[in-house]
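Got a structure for you, questions after.
As written, the chains take the letters A, B, C and D, and residue 1 is the first residue of each chain.
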Amino acid sequence: MISSLITAHKNVFVAQLLVYFCTKRYKMTTSSNLQEFVTQVRRDILRQVHKVNSGHPGGSLGCTEFFSVLFKEVLRAKDHFDMDGKDEDLFFLSNGHISPVYYSVLSRCGYFPVEELKTFRHINSRLQGHPTTHEGLPGVRTASGSLGQGLSVALGSALSKKLNGDKHLVYSLHGDGELQEGQNWEAIMFAAANKIDNIIATVDYNGQQIDGSTDDVLPMGDLKAKFEAFGWDVIEEENGNDIDAVRNVLAEAKSKTGQSKPVVILLKTIMGNGVDFMMHTHAWHGKAPNDEQLEIGLKQNPETLGDY
Amino acid sequence: MISSLITAHKNVFVAQLLVYFCTKRYKMTTSSNLQEFVTQVRRDILRQVHKVNSGHPGGSLGCTEFFSVLFKEVLRAKDHFDMDGKDEDLFFLSNGHISPVYYSVLSRCGYFPVEELKTFRHINSRLQGHPTTHEGLPGVRTASGSLGQGLSVALGSALSKKLNGDKHLVYSLHGDGELQEGQNWEAIMFAAANKIDNIIATVDYNGQQIDGSTDDVLPMGDLKAKFEAFGWDVIEEENGNDIDAVRNVLAEAKSKTGQSKPVVILLKTIMGNGVDFMMHTHAWHGKAPNDEQLEIGLKQNPETLGDY
Amino acid sequence: MKTYTNTGNIDTRSGFGAGLEILGDSNPNVVALCADLTGSLKMNAFKDKHPDRFFQVGIAEANMMGIAAGLTIGGKIPFTGTFANFSTGRVYDQIRQSIAYSGKNVKICASHAGLTLGEDGATHQILEDLGLMKMLPGMTVINTCDFNQTKAATIAIADHDGPVYLRFGRPKVANFTPKDQSFEIGKAVKLQEGTDVTIVATGHLVWEALEAAKTLHEQGIAAEVINIHTIKPLDDKAILSSVKQTGCIVTAEEHNYLGGLGESVSRVLAQHHPTPQEFVATQDTFGESGTPAQLMEKYGLNAKAIVEKSKKVLKRK
Amino acid sequence: MKTYTNTGNIDTRSGFGAGLEILGDSNPNVVALCADLTGSLKMNAFKDKHPDRFFQVGIAEANMMGIAAGLTIGGKIPFTGTFANFSTGRVYDQIRQSIAYSGKNVKICASHAGLTLGEDGATHQILEDLGLMKMLPGMTVINTCDFNQTKAATIAIADHDGPVYLRFGRPKVANFTPKDQSFEIGKAVKLQEGTDVTIVATGHLVWEALEAAKTLHEQGIAAEVINIHTIKPLDDKAILSSVKQTGCIVTAEEHNYLGGLGESVSRVLAQHHPTPQEFVATQDTFGESGTPAQLMEKYGLNAKAIVEKSKKVLKRK
């Protein structure tokens, strides 16, 4: 299989080229194409949360480039979703509250009809406030929402891949505030001790949480030093809202897998990115825009791929 | 009060001198006197666990010098135990399984009759397998046994002291294996973020836990680097079973309090210390000696202060 | 038939916030802790007025419970605030050992309990917290029904020596109990007399029970309505003396029918006075996203459901 | 009167170890995880034979539950092993979200449940785990009575698709159920027929119930004894058809009387057939250090207590 070839291959450039040709769900896009995708995802986020007047636009907007690059270019997933996820890359969202970006990207990558975004947070929907497997939504392999649990689950699936001789990778995303939960540090310690090197964890390093900036709520000090002291390979990326930067850092991270160390990307993002009045504040962590605000936000992100 | 004077004073030597004169419960002992105390405590440990054929001699023996120095020389406690512990130093045992050393030292410092050691782990006893406040045992301010909870409680009491304008210190003890519990890292992060500088936590760094050495079970890497990355002031002491070394490191730790950083001592100890066949192994973590083994152990630790 | 007036919809969590603010001013030993949900818990007034007595612990509920336990040493009366799930299931062992078994005077205050938290969905909608907390020896478990009662309970528990779990919620619901009432832990409140069926309700379902009693009344059925704000210690006497008259009972709670108020009542009955009982509660399912009203309807937790179950149990007499 | 033979005292946890060893050989998808208690859980045989399928997670139970959930992705059947307290209360929210709500095929295997763990005392003696686990939608809850049954249950749950909580213990107790039995989840086992009183027992108390039935028999009382190894799904039918004959029931469990098997039975009775019930269970207290026998005596969890409660409930018919 070409895809297992890639995993074995540690050369960034060649790996990227191969990804270009064999990403299954979607063909490689140029940055400008991907920018259109990103813009549409932002619209989807705003429209989802606005419609139901609840949900989490801030973190979702901040992670739009990450999700877009990951799902459109990096993740090698099979055409049909199954829970077992053998012989494909896996993704776990630990900070489940940013479901709007997850749902938008999943749907626009063909996991389920884009139309279904209309049902976000409605009763009888598969698009629960926080992602779940319970309603059978394709693309989701664990429930999240109660923070701090996703890394452990991702590590378990990484171990499962090792047992199965499956060379694909496991990706996960975590909030920075979320790292205040101790279970993360259990998992971080375990991963290094057991040399789990088929995982790339990313931290949405936006410096914000609910009650304020992380520095106001519970200053977390030097996250890089913490992960390094816990035996992880740490990559910092200052421009987590730049498509090229995200692409490069994911490629770099991939090149560091298979070397007996778990890999983490500290991805600096801007909460609320792409909607000017939502940026650089925790205020929109879990608040929906009103009609007027929605309009402004949508104007800043014109329709590209067609609204649902 | 002299005792508050001491806390304010950061000079190690003067502080030690003052401790010499004003420790309330017991007068300062010479090292050789303290050695006798230590030897007796070891006997008490062996006899407690032997009698009931259960309990944890390994970690208890390894921490005997620490407890002896702390309770006999360092801790400034009031003559009568009360739960509120205002205007005195406090101690919290997080790794509650090493209750035998705790009980022996408490009783021999006058908290309750030494005779009561006979009831260790018996039904209707105040000396529960793991320490508890539930039966009203003087000296104990929190239950422990389920690992990983003690640091949070100690931090709470340290905050209480700050609110009360009480300048005394809070001491706590933790197993090294215990640090695998994530709650510790929540507490460690919180303490640094909130500049809790009236606490001295000590880690019983014996490199052992139940299933083997920590390196076999879950290698924890560089503990010092971890604590430092989490913003703590770290003191390493290689000779945690040497009375003078323990005395000095506790004095050094005290000199570092009040400087906006929590202080931790990584105290290298030998599990099972003082009973040759119990040393350097996890085998005696939670196993009692049989009659013959008891005899050997007691022979190596001859009676000094009178058996109960 | 007694009538109760809704003086305006308001959330029970705001009752907690109001009570806590009063305590902040009146009792210098009261301290408060929150795990990154200060606004949701309505703790801002306390925090702003008493920043030195407010502890932000970040997203670390286990640590919060331990710190609260430690704060009692030295005489503080800590009130912890976070969502009900993170106040109970997330930290069960910490509450068990560091608070309940250690006998610490901590008040665990929990918002967003049950389905009525709405759109966030099942991960946040705990329907087991009453059961979790009632199994802990020494724990007092309270689930208040409206703003006024929540405020009164918040104030009252500061004077109770021992650990307390106080459960309230997010949605705006009828406020109908007396303003500035005093709150007696463990003492059920009979809201409505009736001889045909006993309805024992807690939390948001108390108002629904009153609505149900109205409907039943119109149909010629006299329902006795008891507000059982304290799940533990349970007011066995109030329950038993009522069922001895009515001969049947409906329990109503925003909780799984397994392990909660309903089963506690079943036990009291089985021990003292076997009686037919029906359950208004969730039927061992997780919740889901939706508006509070939609969810209460879908999962059978409203006046309509209480009416139905009352009629059903009447037939079983 | 049927008699049961104790083929020799042995601990139920060894039944788990034996079952797990067999699974290790027969089912390559079975993996095991332990949180620094491999010996106590009797997992050494599995570990030694299948080191690649054994995961030592250290003292980090929350992480263990998450890893177990993740291992199911890719087709593994993870068995987690630690003490009952650390298998449930310590990790309730992790089990809730990552296992139960996520529908993961994890087998949570818990030793040292209840008072009979003995000298370690209350921090380790969980008396709430059955209640904790039974409230989780989708969770199967099993409490086996002896070595043979524990071994059979361990093997059986590997074939059940979905999360399971399997509870067993530390002390050496009578081994009396058939060797190499098959184990049917959810199906109560009638051990003794009788028409005067129903005794429904689980775990270590099943043998005590048989002993009690002997004593009662000598006194002219015919007790029906049911081994209710599965607490959830509960075999309502078996319970109801028995009490319809006997008219009264005693439940016996090594658990708090609040929230456990006893209250589940009360609920079934209140819903379908109100019947006097007495509880052999701990009375909402923490445990303490002592030998298993001393503790069972002090807290009223043995044949003697079952006899007393049977006589008491008989009078209430």
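Of note:
By definition in this document, a contact is a pair of C-beta atoms (placed from the backbone, for glycine too) under 8 Å apart; a residue touches a chain by one contact, two chains touch by 3 or more.
Bear in mind the structure is a predicted one, so any value in this text is a computation, not a measurement.
Contact with subunit B and subunit C alike is made by A, D.
Between A-D and A-C, more C-beta contact pairs are found at A-D.
Relative to the C-alpha centre of subunit A, the farthest chain centre belongs to B.
Each chain gets a centre from the mean of its Cα atoms; for subunit A and subunit D, those two points are 41 Å apart.
Taking each chain's centre as the average of its CA atoms, subunit B and subunit D sit 37 Å apart. Subunit B has its Cα centroid 44 Å from the Cα centroid of subunit A. Each of residues 57-58, 60, 62-63, 85-86, 90, 93, 96-97, 101, 122-123, 286 in subunit C touches at least two other chains.
For subunit B, the set of residues touching two or more other chains reads 132, 134, 143-146, 180-183, 186, 189-190, 193, 218. Chain contact topology: the protein chains form a complete graph, every chain touching every other one. Touching subunit A in their complex are the following residues of subunit C: 34, 36-40, 56-60, 62-63, 85-86, 90, 118-124, 286, 288-291, 294-295, 298.
The touching residues of subunit A, counted against subunit D in their complex, run 83-86, 90, 92, 132-134, 141-146, 149-161, 163-164, 166, 182-183, 186-187, 189-190, 193-194. Those residues of subunit D that touch subunit C in the shared complex are 85-86, 88-90, 92-93, 96-97, 101, 122-123, 127-128, 131-132, 134-137, 232, 256-259, 262-267, 269-271, 274-279, 284-286.
Residues 52, 54-55, 96, 121-125, 127-130, 132, 134-135, 143-148, 177-178, 180-182, 209-211, 217-218 of subunit A are the ones touching subunit C in the complex.
Partner subunit B is touched in their complex by these residues of subunit C: 31, 52-53, 55, 57-58, 60, 62-76, 78, 93-94, 96-98, 101-104.
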